[in-house]
Structure formats: C-alpha cells, structure tokens
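Just so it is clear, A, B, C and D label the chains in written order, and each chain counts residues from 1 on its own.
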Amino acid sequence: MEHVSKKIKVAIIGASGYSGVELVKILLKHPGVELAHVIGASTVGQRLDSIYPIFRKKTDLVMEPFQMDVLKTMDVVFLALPHGEAMKQAPELLDAGIRVIDFSGDFRFKSPELYEKWYDVPHTAPAYLDKAVYGLPELFKNEITNCQFVANPGCYPTSAILALAPVFGLEYVATDAITIASMSGTSGAGKKAKLDLIFSEVNETVKAYRVGNHQHTPEIKTILERVAGKEVNLAFVPHLLPITRGIYTTISLPLKQAVTRETVLKAYQEFYRDAAFVRILEDRAPEIKFVNDTNFCDISVAVDITQQFVIINSTIDNLIKGAAGQAVQNMNLMAGFAETEGL
Amino acid sequence: MEHVSKKIKVAIIGASGYSGVELVKILLKHPGVELAHVIGASTVGQRLDSIYPIFRKKTDLVMEPFQMDVLKTMDVVFLALPHGEAMKQAPELLDAGIRVIDFSGDFRFKSPELYEKWYDVPHTAPAYLDKAVYGLPELFKNEITNCQFVANPGCYPTSAILALAPVFGLEYVATDAITIASMSGTSGAGKKAKLDLIFSEVNETVKAYRVGNHQHTPEIKTILERVAGKEVNLAFVPHLLPITRGIYTTISLPLKQAVTRETVLKAYQEFYRDAAFVRILEDRAPEIKFVNDTNFCDISVAVDITQQFVIINSTIDNLIKGAAGQAVQNMNLMAGFAETEGL
Amino acid sequence: MEHVSKKIKVAIIGASGYSGVELVKILLKHPGVELAHVIGASTVGQRLDSIYPIFRKKTDLVMEPFQMDVLKTMDVVFLALPHGEAMKQAPELLDAGIRVIDFSGDFRFKSPELYEKWYDVPHTAPAYLDKAVYGLPELFKNEITNCQFVANPGCYPTSAILALAPVFGLEYVATDAITIASMSGTSGAGKKAKLDLIFSEVNETVKAYRVGNHQHTPEIKTILERVAGKEVNLAFVPHLLPITRGIYTTISLPLKQAVTRETVLKAYQEFYRDAAFVRILEDRAPEIKFVNDTNFCDISVAVDITQQFVIINSTIDNLIKGAAGQAVQNMNLMAGFAETEGL
Amino acid sequence: MEHVSKKIKVAIIGASGYSGVELVKILLKHPGVELAHVIGASTVGQRLDSIYPIFRKKTDLVMEPFQMDVLKTMDVVFLALPHGEAMKQAPELLDAGIRVIDFSGDFRFKSPELYEKWYDVPHTAPAYLDKAVYGLPELFKNEITNCQFVANPGCYPTSAILALAPVFGLEYVATDAITIASMSGTSGAGKKAKLDLIFSEVNETVKAYRVGNHQHTPEIKTILERVAGKEVNLAFVPHLLPITRGIYTTISLPLKQAVTRETVLKAYQEFYRDAAFVRILEDRAPEIKFVNDTNFCDISVAVDITQQFVIINSTIDNLIKGAAGQAVQNMNLMAGFAETEGL
C-alpha cells in the first residue's frame, strides 16, 4: 500500500513521563507515523509495557538511550523532558536538520533573561530561541507549518490564551488588569515522588500554589501581548485539584458598556471559525469531562446579570491539548498531514 | 452539678440534611446544650442513627414532626431547611419568643424584592426581614449578641466576605470591579437525588455553574457594601469540585500602587486580631484540609511579582464555618456562652 | 474503496446510558461499521452531543424513537437497556431476522424460573431464551460466530468467570466452596438519580451490597458449571467503590497440595493462549488503571507463602470488556470481522 | 479542680506521622491527659501547627528530640514509629518504668524468628517480646489493664480479628481455610514520598498488593489461634483503594449446615455484648463512612441465599480504631480511666 511508504519516522525523548506516555498512545494509532524509538534515562532497557502495563499486547517498544546515530534518521523528534533538560538536547538535533517539538518551557521565550528570571536556571542554548515557533496552532498556524522547531505551549497557557485571545478585539471589554484563576489535576505536576503529591496529601483538598509568581505567567503575558499588540498586565493563580487530568480556567473582565451574551458569543465563534479543536459552547459552561482524552479546548462566555462583567471559562485535557495532542497537531502541520490526523 | 442546670434546650428543624447532621454532631458534644428534639418531615419516626449509622451508640434521638407545643419550651431553635421552607416556620417560632437561627437564604436580605429577584419565589414573611441579624460574628458580633433572630450566612458568602472585608480599608487597592472565583465540594448542593450530582457525573471533573447569576451574589454584595460604605460591583463564579466538603475562594484585585506582602498581611492580621475563628496564614496559601471539620476560616494574602495585584485566598468547611459551626458560634453569643464553646 | 461497501449498518437502543455511550465511541471509530441510528426514550429528539458534549464535532447523531421500519434494515442492533426492558424489544427484532446483541440480564439464563427468582420480574419472552448464546468469546467463540442472538455477559461475571475458568482443570486446587469478592466503580450502577449514588454519599467510603444475593451470582454459577462439568457452589460479594470505572475481583482457593506459582501461571497462560483480550501478568497483580478504556481482562495468580492457597486477581473496565467492548468483540465474530477490529 | 491534679503526662514519639497526628488530636481533647511532649527526628524544632496547619490556634507544641531526661517523668509514652525503629527505643523506656504503647509491629509476636521471617529485619530486643501485651481490648482487656507494655495491633488485623473472633464458637461454620480480603485507604501506607503513592498513580484505580505474603498475615493467624485454641490456616489479600482513610474487610466461610442470619447475628451480638467500640449492624452491611473519625469497628453478618456460606464484613478507621484510637483505649485501661474516655 502507498500509505506505508508515506509514514514518517519519529522518536520520543522522555517517553515514560505522563505527557510522553500520552504521546505514545496517540502516535501508535496515527496512520502516518512510525514510532521508531522511545528514549529514556533511568528506564533504559525496560519494555514500555513493563513500565506501563496498559501497553501490553499493544507495543514491544523498549526504552533506549539517547544516541544521535539513531535519531538522525528521524523525521520528527519529540522532547518530552522537564525544563532545563530540553535545552541540552535540542541544539544537536536541530543542527542535524531534524524537526523538533519541545514540550518544555525552555524555548517558549525569545529572551534568555526572561527565561532565567522565571525558571531560575541559566539558559544554555540562547542562540536557538529565535528558531523556535510557539506551537499554538489556533494563533500561529502558518509559522508552525513552515518551521523546523516548535516550542509546544504550557498547559495553563494553552487554556488561558485560547480563552483570552478573542477578547482584545472587543472594544466593550476592559483588558487592562486581567486575573486568571486556573485549576489543574495532579498529572500536570509530573511523575515525581514528592511528599506533597501523595494521595493522602492531595485527596479531598484544594490549594492555590505559586500564587503571583508561577512560571507560566510570563508565557501567557508574552503571547497575549503579541495578540493584543499592546502591553498586557495579568495575575495568574493556579490551583491543585484532587483529579488526575484536566485544566479549568476562569476569567472575568469588566465591561465598559453593557452587552448581551449573544454578542460576545458571536465574536468568539467568529474568531475560532476555522479552529478544528476549539469548541464554543452556546448553552452551558464547559466541564473537564467534556474534553478529557481529547484534543479539544472548550470555551464558554457569559455576561453577569448586571451586565458589568464578561466571564470566560475554558477547559482542556492538560496531557492532550495541553501537551501530547497539541504536539501532534503541530507535527501534522509541519509534516503536511491534515491538522486533525490521528487526534 | 451546677453545669447541668445551666444547659439550654435546643431543637433542630431539618436535622437529617448535611448541615443538620453536622449541627447534631456539634451540639451532642456542647457542654452547655441539651439537644432535645430533632425535627424532620419525610423522616419522622426514624431513629437518627438509622438514617446516619455514624450516630449508633452516640444518640437515641428520633426524628419528630414539627409541633409548636414541644418547640415553645426551647431556648433556641435551628432551622436547617432549604430556602422557601424556612420562611414558613420562622414567624410562628419568633412570635412565641424563641431564639431562632436560620440556615436558609430567606432572611438574609432586608428587601423582599431583592430576595424574590434572586430566589425566584415570593417572600411570604417580609415583616420579619428587619428582625433578622446577619450572623457573621467577625463583623456583627454586637448585633448578634443582642438579637432574637439570626440569618446564618451562606457558605460562599462567608468565605468571600471574610476574605474581602479588610480590603476596603486599604487605600492602595482598587475595589471597583471585584471578581470572586469560588470552588465548593458537593455537600454544598445538599442531600438530593439529582442526576448531575451522582458520583459518575461529578467525579474527575470540574464545572462552573450559575455563572454570573448565582443567588449568593447579592448577599456578598449587600454585606460588603455595609462594610465598605459604598456601592460594590462584583462578579461571582462558583465551581463544583469532586470533593465532599470545603470551599476555596480566590480573589485578585489591582493595586493602585506597589506594596509589599508584609504590608497587606499586617493589615489583615490587625483587622482580625480579635477573631477567634479567622487564621491569617503568613507563610503559605490556605488549603481546604487545614480547615475541614473545624470552624476556622483560613486566609492568605499575596502580592504578585510585578506588584500590580493583591491576591487573597480563603477557605472554610462549608458545613461548619459555612453552616453548622457558624450557627453554634452565633448561638454561643446569643446565649451568653464563650464564643468558642463546643467548637 | 472497497472498504466502504463492506460497512455493516448498526443501531443502538439505549444509546445514552453509560454503556451505550461507550458503544457509540467505539463504533464511531470502527472501520467496518456505520452507526446509523441511536434510539432512546425520554431523550428522543436530542442531539447526542447535547446530552454528552464530549461528542461535539464528533457526531451529528440525534436520538430517535424505536421504529421497526427503520431498524429492519440494520445488520446488527445493540440493546443497551436495563433488564426487564430488553425482553420487550428483542423478540420483534429477532423475528425480523436481525442480529441482536443484548446487554441486559434478560437472556443470560436458559431457565425462566431462574431468571424470575433472581431478577424478581416475570420473563415475558421465555421462548427466546434458547436462541441466545452467552457472549463470552474466550469460552464460547464458535457458538457466538454462528449465532443470531448474543446475551452479552454481566460485568462482574466477565471478571469472575475469566478468572476462574482455568482453575477447574487444575487437580491441585479445591473448588468445592468458592468465594468471589468483587469491587466496582459507580458507572456499573448506571446513570440514575438515586440518593445513594450521589457523590456526597459515595465518596471516601466503601460498602458491600446485596451480600449473598446479588443477581450476578447464578450467572457466574451457571457458566462455571458449564466449564467445570459439575455443580459449583459459590458466594459472591460485590462492593461499591468511589471510582467511576473498573471492576476488580479477588478469589482465593485452598490448595489440595503445594504447588509453585510458576505451575499455576503456566496453566493460565496455556488456557488463554489464543485469547486476544486476556493478559496474564507474570510479575505483579493487575490494577484497574492497566485496563480502563481497553477491552482487556488482566489476570494474575499467586500462591501464598505457606502454599496452602492459590489467589487469583482479575480486572476489567466494566463499561468496555464488561459491556460495550465485549459486545463489539461479539459483533466482530458474528459479522466476520477480525475479533479485535476497532477495539 | 481536682481533675487537673489527676491528669497524667504523656509523650508521643513520632508525632508527625499520620497515626501520630490523630493521636495528638485525641489527646488534646482527653480530659485526663496532658500531652507534654511531641518527639520527632527530622522535624525537631518545628511547631506542630507549622507541619499541620490544622493545629493553628489549637496547640503551641514544638517537635523535640528524644531525651530520656524529659521522658522519664512521663506516665505513658506512645511510640508511633515505623517497625524497626520502635524496638530501638522501647527497651530504655520500659527499663525506666514508663508505660509504653507501641504502634509498630515490633512487639506483636512472641517469637523473634517469626518477626524476622515476615519483617525481614533482625529483632534487636527479643527479651522484651514477652513483656508486651497484644492491645486488642475486646479480647484481652484484663491483660491490658494490668500491663506496662502494649503492642498496639495492626490496622488490618484489628478489622480481621474482630470480624472472625466469634466464628470459632459457631459449630456450623467451617473454619479450616479462611480467606480475608481487605481494602485500605492510602494513609495506611504512611506519609512517605513514594512514586506508587502519588495521587496520579493511586487515583481511579485499585490494586491488590503483597498478595499471599503481607506481614499482617502471621499477626492475624497467631491471635486467631489464641482465640480458637487450634491451628488456623488463612490467606490474607490486602488492596489499596483511592480513599484516604478506612479499612474494609470481607470474609466468607462455608457453612457445615444451613443456618439463618438471625442465628449468626445473635451469636455476634452476644460475643460483643460488653464491647463499647464494636457495633453489630442488624440491617445492612457496614460502610467506611459510618466509622471514619470514630473508634468503632462496625460488623455485619449475612448468610447467602443458598445457606451455604456465612459472609462477614467489618470496617474501621485505620488511623483511629486501627491505630491512635485503639492506643488511647488501651491507655485508658492501663491508667484507670473509663475505657471510652476521650474517644
């Protein structure tokens, strides 16, 4: 069959983390992709289905070490590593001409100073910052389609930016002081043996964390400023919830003049008319369960009863639209597949 | 012993709902109280420990019907009924000279029109609205101490008002457009067989609901306006979480000028210096697990890294400080006990 | 393409229940199937993506009423109805020559008396009991392949029977008195507005229910007796857990003589050598998370340290291998697809 | 008041673990106790209300190091340490004449060999094994009342032994091969930063663990053999559940002859007639939520519909009746308080 000859070869570095595993699940079913290698560090030599028995009878992949000899024949390499690690491996891959999609925060800013301020580590590959395209296809599809290197957005920023992008075109909304309250499931914190992540500590409670200084704040701000064409001031308050997956974001902005919900709704529908993975809900607020295990971002708008505020709610699966699914959406654009292929 | 002779006699109408049951638990241990009667409707004749086996070997109370003959010998009657029901029973009890503490929203406003607009039922006892004191002891202790009739605050309003009350005295905070994002456990929705409350629907998800038109909005607004001495405009966005108990509230307000966190912290500590049940956390954001099963409201303040926003987080147990515990705190004031007795 | 012309047309009656919805998800992706109709009762006229927004941008299906005119052109009809309802609709469909796969307990016994004893309703279609094949492909593949009518197994029976079937061939295991302890997520109880299913009642607790008299007991017993070729005596104890999906089953049987785990393991591996959807875990006990959202049944065996007991654990997704997935596995066999197609 | 002069002084070693914290909560309210010292290791110098903010405004206790000078004035010392640690500290305390209640498994056996086989560490204080009384007051009240040293039972053994103790007096029950299936919340695994305990790994799943070789097996066996006066063979299968607290135990035993549920029920009620903390439920199976935050063990019995099996369910709060509450019950007996004081 012709299809087989068209398959691109891809590898995942960091395949055993939570985002990496979701990426494996998607790529194993993607008709245009051969998942050729899964790369790890402490897990080298282990079968993936031994680390995650859900893969039994699904794949025989074995975790391999990072080897450029192997990787240089890949069409696309995904870096599903923590920040600080990705910038060590991306340059070599890029220099070899491979397309790279990076899940970390390492290449989401243009300024190394900004990175260093918020991530608190020196940036070791500043020359590559300019090569990276911010991989939010709903806003930057053309750039992504023609690039070699994608900085895949953070999970919180994806939900916040998609919720807010249309608002800067609405002259009746005040956007000078924006507060974003977001809630995330625990998988967003990664697969780490930390005491404050154990079930007994997380279950049946909620906490805000990194209040006013979370590293996703400048990412949201920078991208929104590109969209708005002006400075954007915002506070971002993340919360940890006792659920495994999903992000929920709530934003309220003062109205300069009364409007109806229908007016705002129409503006959002228009803004996202061609977006395959954004769904504007007309009749209800979104719920995490509507989007989990999908690549959709669901958004609703409301105007409060006094017509003084517009309220925007959005939700995504943090591991799919907030990580692995969005990465595949970017890969599809870069490799010439339909944007929705395999998603 | 003298203690025995000092015990006051109390009854609970609506003792088998979630708030009612927490009230039973507290009153059974309260040294100054004899819980004489538990009143129900569909449950009449059932032992309380048959409805809630956690009470086995703890109490022999049996659910009784509403009978004024019995109730008129009570010192205090608690109405733990849904809104719309309380206003049917409160007048008769008040006319009989009994102290009444009402958990519902029926007597929290002075204006029957405001009530009817938000609760969507006609008010059948408007003459009694002026008799009711809003039972938030941290703000209205004197009034409560000397009154016959308390309208016990709503759960969301308790957490929001306590978080915001100090802010109107801070000249460096802009308070003209306030957004309150709150999250609640399912017990706040009561013990009702509704499809959207079943475990399979609620688990592993989050949703905002009644966005921009929740009935607690005017309650928060009215009380804050008393505190602020001016009109207060606010949007209130409640969310349903997959936890049983607890409310978490997050508020962010623009700063008019840069301040340090310490400055705001001191103002809050000063404001609540004499409040037995408010704890200002100096070193972290609050968590629901710090307050569940207690009558405390925990509050933290933060200033974002750019010093443009102050962020306030508060948390309560919705069934204790948001209902039964606060009611007992009010009873303690009304009956001359120490404010913290039994709590 | 040829593929298109080979698609079979199917309908689901009861498509908006939890099992029905999982069936919709599977069939929408099944390459050999056109999901032509979704049939409901109280939901007629509603879009499926309005009832379940997860289907937005995925399907335009609208709930229709039951109409034989429409159904008689179907190749396969799935009945995802509660027991008592299925027996009202199955006869007409069968008489019209349509293949039927029934999710309920209505046709799992050969004896109407047995049914009536455990389900406590009269059987209104006893003449059709003999036509039904018990749809557990791992044990009855040939019968299923050649039949018109499948009684799809119960969720608990699937996990219990698959765990126990191999044991009757092991002469060193005592099988005269078997206890099966099973735990289920709440979706097994269906989408019903019942007070004892609401989140506040189910969360953070466990209960055994219908202890010693659950209606799945005779189903397990009858099928195991077919396997064993002798009478089988068993107690079945189901438990409700605060999770949405999954069943976990634990069985322990006395050994007549000491054996090693390896011996038992080999026997199980041999028994299920050709079973596409059974995975025997060599190195650990199964976990629900290994099988959720899959059609697998994972099984482990252990011998206790004193070599006096063999302990068998099994787990399935109650909505997939315990309902919708198994139904599609059966459909695949009946319609000539590969057994694993679309699963 | 005289009461004050009668207060005994107690200390907790290991006060910041989950069992230790529950013990602090109980002792702070116990009218006959002064909680004089909380002892830790890595936490020395920290305020208890900094580690657990739920204690803010409740106690000013500060974690102290282990110092015999301080401890020798105590009336009772609780050891809430992991196994292996307790046996290092118990001897010195006992030699100083202090009453000791040990939460660990270190002193629950009489034979050091048995301990070493199951706990896989050498026993360093074998001379003290004979001094320890197994602290299950429902079975060994007299011994406990008159002893200096209590080995507080394990959580699983408490629920299993209380469920099974009456059964050996019932001639119609076969007790030669007993299987105990138990399920536990995560707090039973302690406050440890282990990867398989993090929320993302535990949530929405169930697993059996240490199948057939859990260290509580010989504890249950040894104590039941004392009760039964004969050898008892059993398999014990523990499961980890996604709840924080509670243990649920299910046992099924073959009947030698048919009996009614009432007969078995009466036997259980009779057996536990004087037990303040055992509740035999007549009309339903127990649920974890009936006992959480209490010192009760709830037990039900059932006979299956064929009258071939008796099924016993029991439940406790693993941190209260399974640890801290039972320890206080033991302390009450040792110190001459009413058995239920403070519980």
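What we mean here is this: a residue touches a chain if its C-beta (ideal position, glycine included) is under 8 Å from a C-beta of that chain, and two chains touch if they have at least 3 such contacts.
These numbers come from a predicted model, not from an experiment.
Colleague: Let me spell it out: compute each chain's centre from its C-alpha atoms, then which one is farthest from subunit C's centre?
Modeller: Of all the other chains, the one whose centre lies farthest from subunit C is B.
Colleague: If you tally contacting C-beta pairs, which pair wins, B-D or A-B?
Modeller: A-B
Colleague: Take the average of all CA coordinates in subunit A, do the same for subunit B, and state the distance between these two points in whole angstrom.
Modeller: Averaging C-alpha atoms per chain gives centres 39 Å apart.
Colleague: When the centre of a chain is set as the mean of its C-alpha atoms, what distance in Å lies between subunit A and subunit D?
Modeller: Chain centroid spacing, subunit A to subunit D, equals 46 Å.
Colleague: Cα centroid separation between subunit B and subunit D, in whole Å?
Modeller: Distance between chain centres: 37 Å.
Colleague: Return the residues of subunit B touching two or more other chains; collapse runs of consecutive numbers into ranges.
Modeller: Residue numbers touching two or more other chains: 201, 204, 242-244, 286-287, 289.
Colleague: Line, ring, star, complete or other: which describes how these chains touch one another?
Modeller: complete
Colleague: Can you list the subunit D residues touching subunit C in their complex?
Modeller: Residues in contact with subunit C: 174, 177, 179, 181, 183, 204-209, 211-213, 217, 233, 235, 237, 239, 241-246, 248, 250, 252, 254, 285-289, 292, 300, 302-306, 308-309, 311, 313, 315.
Colleague: In their complex, what parts of subunit B are in touch with subunit D?
Modeller: 50, 53-54, 56-57, 204, 276, 279, 281, 283-284, 286-287, 289-291, 293-294, 296, 298
Colleague: What does subunit D use to touch subunit A in their complex?
Modeller: Checking each residue of subunit D against subunit A gives 18, 185-187, 189, 191-195, 197-204, 242-244.
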